[in-house]
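Shared chain: chain A. Partners: chain B in the first complex, chain C in the second.
Entry: the complex of A and B
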């Protein structure tokens, strides 16, 4: 039996933890609706309520905040979908087909993941520059170019994850489908893909969130303000005169992170399910 | 409906391992043929070669008049039932059964008709909207059968379909399978390692050992006239008893005694192995001359109600040919732990059964003994 005192102590510990986790969040929310727009004068409990900070973000002709939001969504969505498609196809091949170089390919994928991506920044930069001379649509300072780099980036890890999951799908299902009359492509679409949905959901979300917050590559490859992603824009914010506009910065941060939080809340179950489901065959 | 012909069929895996050697026989139209053999003997491989899931590296397989060596599985007009059922977990029972028909572009009405009909026959109509995980083992088995039936293929291929069921359900499904075949009369190739299944289901049974076909025959024929020692020992439960010795002067001399040989067996046959089925022993009513039976030291006696199994030992070292070693291994026994005496089993009248520890002469119906060459294992 746990004593009353120890329960109380535990609760106190819990509340301290909650306070630590939530304090900055509440602070930012409070600052974003605070009519007093500077750091020194802001307080946890604002003196009034206003949405001016939010409105201002979209009205300021010098700051294309709306573009940044759209850019980020566009790139993250396309990147996550593209990544998922490529990784799932690659995983299917590695899991089901036996071909020369399969082992080497798997090892290669793993090996490439070991090196941090920014080792290749200079190479990526020059590659895109070269591509841009032939196909300007995919060169530097284009979203398509950035997407290309993003697509390459996370495939290795994701392929590995999906392959591991696909390996737990019994091969006799493929064979049953084969006898039923399905081509390899149909087996992938109608049998394997639906069964790997949990892990695909997780990877989609993780990739989406990762790309949404990605700053380094984007700031190397994108130049013009209207092409910026939200992460880049916010960083510019903090370096510009906006740094003093604490309320606006807070509002921008909240608007930027809201979709991510929402996605997590909605997909929570799927994420946990997907991360654990691979372990046991149902 | 179609015959399946095997013509010098062989299989060598890319690594050089040989799985199947020169298999030639045919499954007649509408026939139920069971492939049986110890695990790893290649029977599943042979089935999968018919299905198109394994490449045929030697010889040819014909379904009907068509050589199918290079025909993809979907065009072979066969349906397969897998050991683990291989139901699509994300589809309902209905969709599982309809999947093959949809891929073959059947009309909605036709799919509906066939699935409903198969579900009715298999008594799974009420589960059609369930997912496989909400079904019991027996029900899943029925769905797997249903998926094969709706296609109305020219042949069914079944790969140990009952081995995942518990004993009681297996017996039940076994008789249902038999009834189903009697009704549909579709050519069926069935793989099992359970010889009881083989004997009860098959119109004919093919015994395979190490990728080589040993004998294809009707179950009774296989039981009565095995072509070699391996088949004799594999078919029948409890298994046939083996004892080594030699034949001379109208007698089989096994060291500790003699038994009369009624058949014409050349005296110069050298060392032979005699096989005696458990039911060919009997408990004599009076005293029996030792030459008409075997001196037995009775061990365990299992009363089964209808009859009794008497385990006994005779004072002769066990005979160990390669075939017998393999049979022992398949039964999970170790040849080295057999000891100095030959262990045997007799199936006798339960009322006349001796008691454990008795020493007695057990009668042998010597005209029903089988003789095999000790060198080749072939029947003499």
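Entry: the complex of A and C
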């Protein structure tokens, strides 16, 4: 049993932690509604409220913030769907089918994911450049090309994770379906996928967040400002005039992170479970 | 026939079978179309990859014995092209001199060099112009160079237009009519000579025209006169002996490591060529490269270890604080602590960059109110390092809080209670029982976190760009550069050009280090058991 004094001390300590955790958050929320735009004039409690910073983001022709936001969502959504599809297909065969080279395949997956994909960025740049000479729609500075690259990382850790969950679906269900004449494809669609859906949802979110925050490969492969992802756009923007446009930057930070923070808070338990298990991020 | 085609256990010619056939037909058609283009563009590796991938798809989806592969192949194709191939290709690039100035292939370099004219050139010659017309306004020029006696016949082009095919020298093979034998044909290939009087009406049009000659250009001066500028190429490549001849200095240039060298001077551009382990030797032995590498590597280790240590310490403290059952508001604390973790790190880094601004930033404002003087967070080498660690503490402590909370719950209470019964103080219980158990169960995640932070590009690239820069260094780097951000700059964004060969050599070094960390991590975790588990 701990003493009352200890309880109070613990709460004080925890509130110091909260101060630290929320310090930047409070500042950008306040700056994003502050009518005075620059960093120097930033006040914790702004004199007046305005949404101009948010509005300005969408009609500043020099800073195509809207494009960046749309690009990031488009790429991350498509990338996460593609990743999940490829990973789930591979996971199914590792979980359900017995074939020669299965163990070697699993071990191979584990070994390949030792090397983070982004480390190959120089070679990936040249590969995409080469593809672009033949199929310009998939070359450098195209979203399709970046997406292809992102799909390269699909079977790796996610396959491993999904396989683990598919293993927990009783094999008797497959067998029952097989007796009824279902093909492996049908079993995958009608039996395995529905039963692993919650887990797939979590992995989808984690993959989405990972792609949303990817900066290295995007910086290497994309060139023109209207093609930037949000991460690239904000990075460039923050190099130039952030001090003068602190309000706009804060608004962008909030719009860029709010949906993700909300998702994390709503699905806290599942996401945290997935993350601490996978160690995908952190 | 149908018996040999497997249809995934559904009946032959089911819809799924025809879908597979249709998809394969499209894949094959596209591949057949693309492969010749790839070969023509000298992308042999890509062409072979495409052939292999298309072949594999046909085999896998049509031959029954390959059941399992059909589930893995789609993902594997992408992995092969964008994960495995880049590793091999990086290794290849690391053995080359591939860098700004040595980007092209040898054939491309020779082509470029042969287009360079001799400096100065031979200007000011003039020649005679005769104009021919086929009656529709389509013109031809006949130009005579009085000095050499050469004649050229061809299609003139607009001054500003693109260079056309050069005029042919001589009139052989053309249908020439010179009835009065004055040396000026009345008709060539059906084009009639325009009489001098007729020329004045199109004088303005003529003034805009030029004729490309095999070694120069003829520009219209008057209706009957052109100026001829001859330009002879400076470099001639002798394919048989593989030497480049500089006709201006009259020397022969021989190839050395991707450049032609004339009298000890390199001709630019050069081409890319395999130079063996030179990049690695340079990186590890040349003092001006070794010193930065050691500094960057040291800071990289301090940064990654420091980040794991600090975040784990803070996360564990907070987890311990809310652990007792008496503590109220756990769900609240947990929800707040998850926020820094939920915000995408690139956004947090941008925000912290502003908060840490020396003049206007809120952090210095706060410290100023407490009586401290302004801290040059991002300008001073040591403060920049502190800033990077501080921001990474903020980014990473929630993760450690979460795993520490989980791990604390899994420690059996009997163990701590037994220690208390044996007379251990609370402090002793923590240091002797709780912490060791905690470290054992979280070790794989801590190693994972270390490996992640070792290559934490986003934080460094946004918060400091590796800066502040180290002045006067032979390779551009800064005091907070970690290996990956340093390599990125070397390859893509340094003002001193790109050095892909050297950057790839460094990348291979990072690969080796990462493999080493993973080996340690695998030992600590039990991932391997899953492979051999059944």
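As a convention for this text, the second predicted complex is superposed on the first by the 263 of 282 C-alpha atoms of A that agree within 3 Å, B and C clash if a C-alpha of one lies under 4 Å from a C-alpha of the other, contacts with A are read in each partner's own complex, and residues count from 1 in each chain.
Here is the rule we go by: a residue touches a chain if its C-beta (ideal position, glycine included) is under 8 Å from a C-beta of that chain, and two chains touch if they have at least 3 such contacts.
This one's a predicted model, so the numbers in the text were calculated from it and none came from an experiment.
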Let's test your reading of the overlay: on chain A, do chain B and chain C clash or fit side by side? fit
Contacts for A:21 in the overlay, against chain B (first) and chain C (second): which applies, first, second, both or neither? second
Included angle at chain A between vectors to chain C and chain B, based on C-alpha centres and rounded to the nearest 10 degrees: 120
Greater chain A contact set [chain C / chain B]: C
Counting only touches as set out at the top, which of chain B and chain C does A:180 meet: first, second, both, neither? first
Please indicate which partner A:170 is in contact with in the superposed arrangement: first for chain B, second for chain C, both, or neither. first
Is A:161 contacted by the first partner chain B, the second partner chain C, both or neither? neither
Once the structures are superposed on A, label A:120 by its partner contacts, choosing first (chain B), second (chain C), both or neither. second
Taking the superposition on A as described, I'd like to know which of chain B and chain C A:202 touches: first, second, both or neither. neither
State whether A:191 touches chain B only (first), chain C only (second), both chains, or neither. first
When the two complexes are superposed, chain B comes to within a least CA distance of chain C, in Å, of 7
With the touch criterion stated at the top, can you tell me which chain A residues are shared between the chain B interface and the chain C interface? 186, 282
Under the stated contact criterion, what part of chain B meets chain A in this complex? 51-53, 72-74, 78-80, 82-84, 86-90, 99-100, 103-104, 133, 147, 151
Residues on chain A engaged by chain B in the complex (per definition of touch): 170, 172-173, 175-182, 186, 190-191, 194-195, 282
Chain C to chain A touching residues, read off their complex: 8-10, 16, 34, 37-38, 41, 43, 45-46, 67-72, 74-76, 78-79, 81-90, 93, 314, 317-318, 321-322, 324, 326-327, 333-348, 350-355, 357, 359-362, 394, 396-400, 402-403, 406, 444-445, 448-449, 452, 455, 457-458, 461-462, 465, 484, 488, 491-492, 500, 503-504, 507, 510-511, 514-515, 518, 522, 527-528, 530-532
Chain A residues within the chain C interface of the complex: 1-2, 7, 10-11, 13-14, 17-18, 20-25, 27-28, 38-40, 42, 86-87, 89-90, 92-94, 97, 99, 102-103, 105-107, 110, 112, 114-127, 130-131, 133-135, 148-149, 151-156, 159-160, 164, 183-186, 209, 212-213, 215-216, 219-220, 230-231, 234-235, 237-239, 242-243, 246, 249-250, 253, 256-257, 260-261, 263-265, 268, 272, 275-276, 279, 281-282
